[in-house]
Structure formats: structure tokens, C-alpha cells
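You will see two complexes here that share chain A, one where it goes with chain B and one where it goes with chain C.
The block that comes next holds the complex of A and B.
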């Protein structure tokens, strides 16, 4: 992640308003094409308006299209979305096919996606399926039918060796070694 | 000449100290103070001014209304649609203006449509939920319905359908109550222009789907689940018995108890908690969820029911 991403608004992958659960709503609500009628930088934009715009408007009746000619200023497309986002994009010196592709991109996205840093590439409302953990969650079912007290389940496999146990082992060792000495003496 | 001779010794020294521009990347210490100063000036002017979208040059209300209907795939009557977007505050403001100019044009606001839409939504959502969550008692359904038709949910729906800019109101940005009322008025307008079924599907697709991904149980707060459960069980004549089926770390901070509920000696549910009482309550809640058919593992709610479902009492009569 580069440093500039730290200042982006962060978000998750979400569909606005459960879009598509009921019916699909195109999220682009209006688009404003600003261009100059004489400058060369607006050439691609003028071509787009002449050739593709009517088809675009016919195919997408839910998008309001505004044209705004302005003298001697660079061409710009402003897209407004249902969630309140506004995407401003300069179309200076772009060809007609490039503009077509950018506008298609604007039509299909759901907001100002390039200004959002995704925290994760997936999202869930319910991160846990099993529910909160309790000491009984993964309990061994063998215990249900065991007869207690049971040396298997009663065994100490958890705590370190106690002092008493250590002493007892030391005492045993000592006794064994004494016995060995005695046996050796007898053999002699 | 004397002047030149006097300073000629200085020239080589000056040449040594000619500043050569060196590029370097520093922390830009001027950014924050500049922004702060700009903010201060802006506040002094009376805060940030945001012009409402409908005061822009590129704004055509007729086109916006047409696109609004197309966006939702509905055929609104255009007069009714405009009326649904007209808030009371706007009408008052316009009447004041007209008085000054001494003209009289009648304008309709959306109060009646909103009233009609609200009534329809209440009835329809109630019927829909009764059909979809058929085991849940009426009280629970009422709580879910009240959540769905609350201002918070409706204003959110309304905002995301793009009413924010089209609404005719006295002040912008419009507040949530106006957004919610406009949505109700839209339902009312659709009801008048396309009939009940279209309006019902509209409500289903945009309001009831808000339940998707939500826990239905959260909307109904049961005060005393144990009493409720015992009352329900006592009607059936079965025997309900809570048993302590696990305890860990007793008398410590991390104590955990587990209580199982047994209905006629068969395990119904279990719950855990830091005391036995809490564990019992949790077990009762689990049992109630099972009875109401709203467990965590329930099937997702069906959002595809067509038409207006019949009410419970009617369907019972027809079944018998």
C-alpha cells in the first residue's frame, strides 16, 4: 500500500441498498458532458456526442444526460451517483473510443470507487458461523458415556510436576541406588 | 570608476555564494497552516455553502422525474409523481411568494399521498411478514414491521433511490423526515397510478429486502423469555425441565455455566452464561427462537412472493 492510499476514504465491498435482492437499479443517476464546440481537445467528445450519445440515452433511460457547451475550455464528464458520489473526469484530447469506454465504466460502477480504499476484498455481516466459543464448544463427546472416576480423564496432563512428586522420585532413585550397592557387596 | 574598483574584490566572493537550487523532498509545513487559515476564513463567512443540485444550470425537473420512474421500472402518473415530490414546506414558501406577486396558483403537497402510502405499507408489510415468518407471533411481527417503516429505514431507502435532489422543499439539504415522507408518498402515487400489486412489489423490493442479512430476533426485545416459554409450554401440557449440564471455573471471574432445557426428557436447547440464571435465560431464548422458526440457521427470508398475501385469520378459515 502506498502512502497516498492512507488518505483515501476506506470502505468494504458492499452493494448499496441491497441492490439486486429485490430489483436492479442503475446507480448512475445523471451525467453531465461539458465540452467546447471549436477546440481540438474536445474533438473526441464532439464525436461521441454526434455518434453515440443518442444510443446511450436510449439504452439508459434512467440516466439523465446534460450537455453543457462552454467556449474554450477543456472537455469534462461529471457523473453523479445515487449514493451522493460525484465523479469528475477530464476528457481532454481523448478519442471517441476512449470516451465511450470511460462512460461505460462510469455507468456500471456504483459510486466513486477509485476514491475508496478497500479494507478487505470480502465482506460478511456474520463473521462467525458457530457463534461465540465456550468451554463446551469442542468438548470431547467421549466424556458423555465415560464412567467416572476414570484414570484416562482424571490424569494430570496439565500442571507441572509438584514438589512432593519430585521428592518422591528422588527418594525412589536413592533407594534403588542403595539396593544396587548392597547387591554388589553381597556378590563380593 | 572608483565605485567599480572599490567593489571588484567583492565579486568573486559573491560568485562563491550564488544559491544553487537544490531539490529536496520535505514535509510540507505550509499545508496544514494554509488549510487551517482557509477553514477559519470560511467559518467567518458563515460556513461552507453547498448549493442544492436543482439550482444548477444543468437541471431539468421533467427529465429527472422521467428518469426516476424508468430507474425503478415503474410507470408513474407524471402529475402524481410531481405531487409526491412536493413537500408541504415548499408549498408554503411558494404561496408566500405568490402573495407578494398577487397571483394565485394552486399547488398540491404530498401529505395525502404519504398518508395513503403509509397505510398501504403497514398493511402489506404485516401480511408479507406473517406469510414469510409464519411461526412468529403477532407481537414479533409488529416489531419487525415498525422497524421497517421507521423513519431511519425509509429515509435511507428514499435517499438511495435518488429523491434527495428532486424533492421540492423550502430548505436543502432535506432532513430525514422529509425523505421518509416522500418515499411514503411515492408508494401512494404508485398505488393510484398502477394499482395495488405493482405498489406491493415496489414495497417488497425496496423496503422488505432491507431485512436481508439482518437478525430478525433483534427487532423484538423479549423482557422475560423464561416466563413466556413456560406459558407457551404449559398450554401444550408438556413438561419443561432446565438442567445444569456443564460448569467450568466455578467461583472465579471466568465462570461459565451451561443449562440445557429438556422438553419431555428430550433436549430442546441449551444456553451458557456466567451465572446459572443467565445461562437459563439464554437457553429459554434459544428455545423460543426454535419455536418461532427464527434460529441462526433458518432459511433466508423469501423476497420473491408475488401478489398480496392473505392474512392469517383468512387463510385459517379457508384451510378449515
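The block that comes next holds the complex of A and C.
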């Protein structure tokens, strides 16, 4: 079992600088691709640079792309965001398509999402618009002016019917039906 | 679409002239409230199997694979309820199309933190650990707007 969650920070949903209100700004600002020109671990990274990098840079003019060749070191991608987050990721032995997917993920996220556990999945400045519910909402305002104690409001009608009461009601019903039968006979 | 609360009950009963008059008055008042933009609107929208109460400027995080990409403006069409401070429009189940306009922008798409799913059965030599990272999409609600007048014939926008 993994204990990595013990030190995981928790947080709430936030967006930097009111992003998305009025305009949208891509949060990825800078991406650095570090790779080796000769080692096999950088193979996928070199393929990505040869085939996809120019398109990536053209499609995202707001993102600064750096290439950093270095000898006999494993390939790494570092992404930096507007909110100051820095995401470091090893690309050792990853294929070109895997690298494409991870870089797309880095481009679309705002900051380091994986570093926080979200406590809520919604954020609102206006938690209630029609007013929070209280026990008195949708109740008859008659109670406000009633003089207490009052048998109408104070009566305890929450208790279940007792056995004696049930018997009495059954008896009454029987008597009424008998009386009705008698009256009908008289009319005949 | 009906007006919520007491009025919806009145529609099902036999309609006397007084009731009709009162209904029209209520509808006119609501229309005036919409025009004057007296208070903030909110809506309950159905999105990826969940119901969200949204109002202008809200942030939502929906989990799971979802095609919209960052920067996309989308309209949330499944509106179950739209309301202002003073009245609510309750759909059955949805508010009529074109009456309420809920727009949102996709802000961010990424993967959540690594969640651990630990399964164990005691005394059965069974133990599994699954690690997963769910795709998370963050939405900003741009506006919740009641566009039409209430009780107007529906414009079939679909």
C-alpha cells in the first residue's frame, strides 16, 4: 500500500487571474525539452523533436519552447506555468506517441494538478441565491404572531397512535355502521 | 416548463377565471423581473451524469474522458431548473430549449493526483493495488441567462 497520500497537499478549485472570465489565457508559458543526441533512451524524444515540435510551436505561439541537448543524460521535459508551478517529467524510454500525449497534457493543464488533492469539485462566490433553507422557509407565517403556548402549534401530534386509541376508533366505526343498518331497516 | 411551487398544482385542477387571472399576473411579474435583471440567476445543469448548481463565474471540475479542449466555449443544454432570487422555472424534466442559456469555457484539462485503490480480502491471500489518475476538466461558467419571455411559444432550436 502506498503512503504517498500522507504528504499530499489538499486544496480547493481555483483558477489563476480569473481565467476564463471574458478571455482565456493558456497557462503553459515555457517548456524545456532536455535530451541526448546519441543515447537510446532519448530515441522517442528525438523523434518528437524531428516530427512534431515545429507544429507544436506553430500552434502555440504563446508557449516558449527550449531545446537543451546534453550528453549521456536521460530525456526530461520541464513545463512552467503562469501561476509559478514547475512540472518536471522524465521521458526516459518513452515512445514518440507517449511523449506527444504527455506534452499535450502539460499544455492543457493549469499548473501542477497532480500535486493537490481536490476537496471540492466546485467553487462558487454565491453559495445561495434564494437564501439558505431554514426550518421556517415555506412555513405559514401565522406562527410569527401566535401567542404561545397555543394548543394549535403546541399539540404533540408526532406520537404514533396508541393501541387503546386504535381499539376505540374501531369500536366507534363498528357502532356507527350498526346504527346505519338499524336505520335502514326502520326505513324499510 | 411550468412555474414551480403552488402554480404547478393549480394547472392540474379545473381552471377557474380567478386562477387564470392570477397565473397571468404571476407570469407578467416574472417576465418583468427577467427584463429588469433584478437579481442573479442560477441554473441546475446536467453534465456527465451529475447535476451541478451553477451561476455566473462558477468553477466546475468534471471527471472522466470528455472531448472539449482548453479555450473552447460550450453551451450546457441540459438545464433542469433555472431560477432567480424570486422565482424558479422547473423543467419536467428539462426546461424548454432556448429559454435558458448557460455558457461555459474550458479552462484546464489534466490528470488528477494518483489515487490508490487498495483491495484486500482477509485470510484469502488476496490483495490488489490499483493506481489511477482520472482526467479532470475544469470549466468556468460564463453566464446563466434566461433569454426568452416565460410562457412564449417554444422556438425549436434543435
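The definition used in the following text is that the second predicted complex is superposed on the first by the 126 of 188 C-alpha atoms of A that agree within 3 Å, B and C clash if a C-alpha of one lies under 4 Å from a C-alpha of the other, contacts with A are read in each partner's own complex, and residues count from 1 in each chain.
Quick note on the criterion: contacts are C-beta pairs under 8 Å (C-beta built on N, C-alpha and C of every residue); 3 or more make two chains touch, one makes a residue touch a chain.
In this text, all values refer to a predicted model and were calculated from it rather than measured experimentally.
In the superposition on chain A, contact is made by A:125 with both chain B and chain C.
Of the two partner chains placed around the shared chain by superposition, chain B is the only one that A:64 touches, whereas chain C remains out of contact.
Judged by the touch definition given at the top, the superposed model places A:89 against neither chain B nor chain C. In the overlay built on the shared chain, the residue A:115 is in contact with chain C alone; chain B does not reach it. In the superposed pair of complexes, A:13 makes contact with chain C only, with no contact to chain B. Once the two complexes are overlaid on the shared chain, A:26 sits against chain B and chain C alike.
In the superposition on chain A, no contact is made by A:53 with either chain B or chain C. Under the contact criterion defined above, the residues of chain A that touch both chain B in one complex and chain C in the other are 21, 26, 125-126, 131. Note for the complex: chain C touches chain A at residues 39-42, 52-55, 57-63, 69-71, 83-85, 88, 105, 107-114, 116, 118, 129, 131, 133, 136, 138, 140, 142. Across the complex, chain A is touched by residues 53, 57-60, 63-64, 66-67, 70-73, 156-157, 159-162, 164, 204-206, 208-210, 212-214, 246, 248-249, 256, 258, 272, 296, 303 of chain B. Contact residues of chain A toward chain C in the complex are 1-2, 4-5, 8, 13-15, 19-21, 24, 26-27, 105, 107-110, 113-118, 121-126, 129-131. By the touch criterion given at the top, residues 16-18, 21-23, 25-26, 29-30, 32, 61-64, 66, 68, 80, 82-84, 125-126, 131, 134-136, 139 of chain A touch chain B in their complex.
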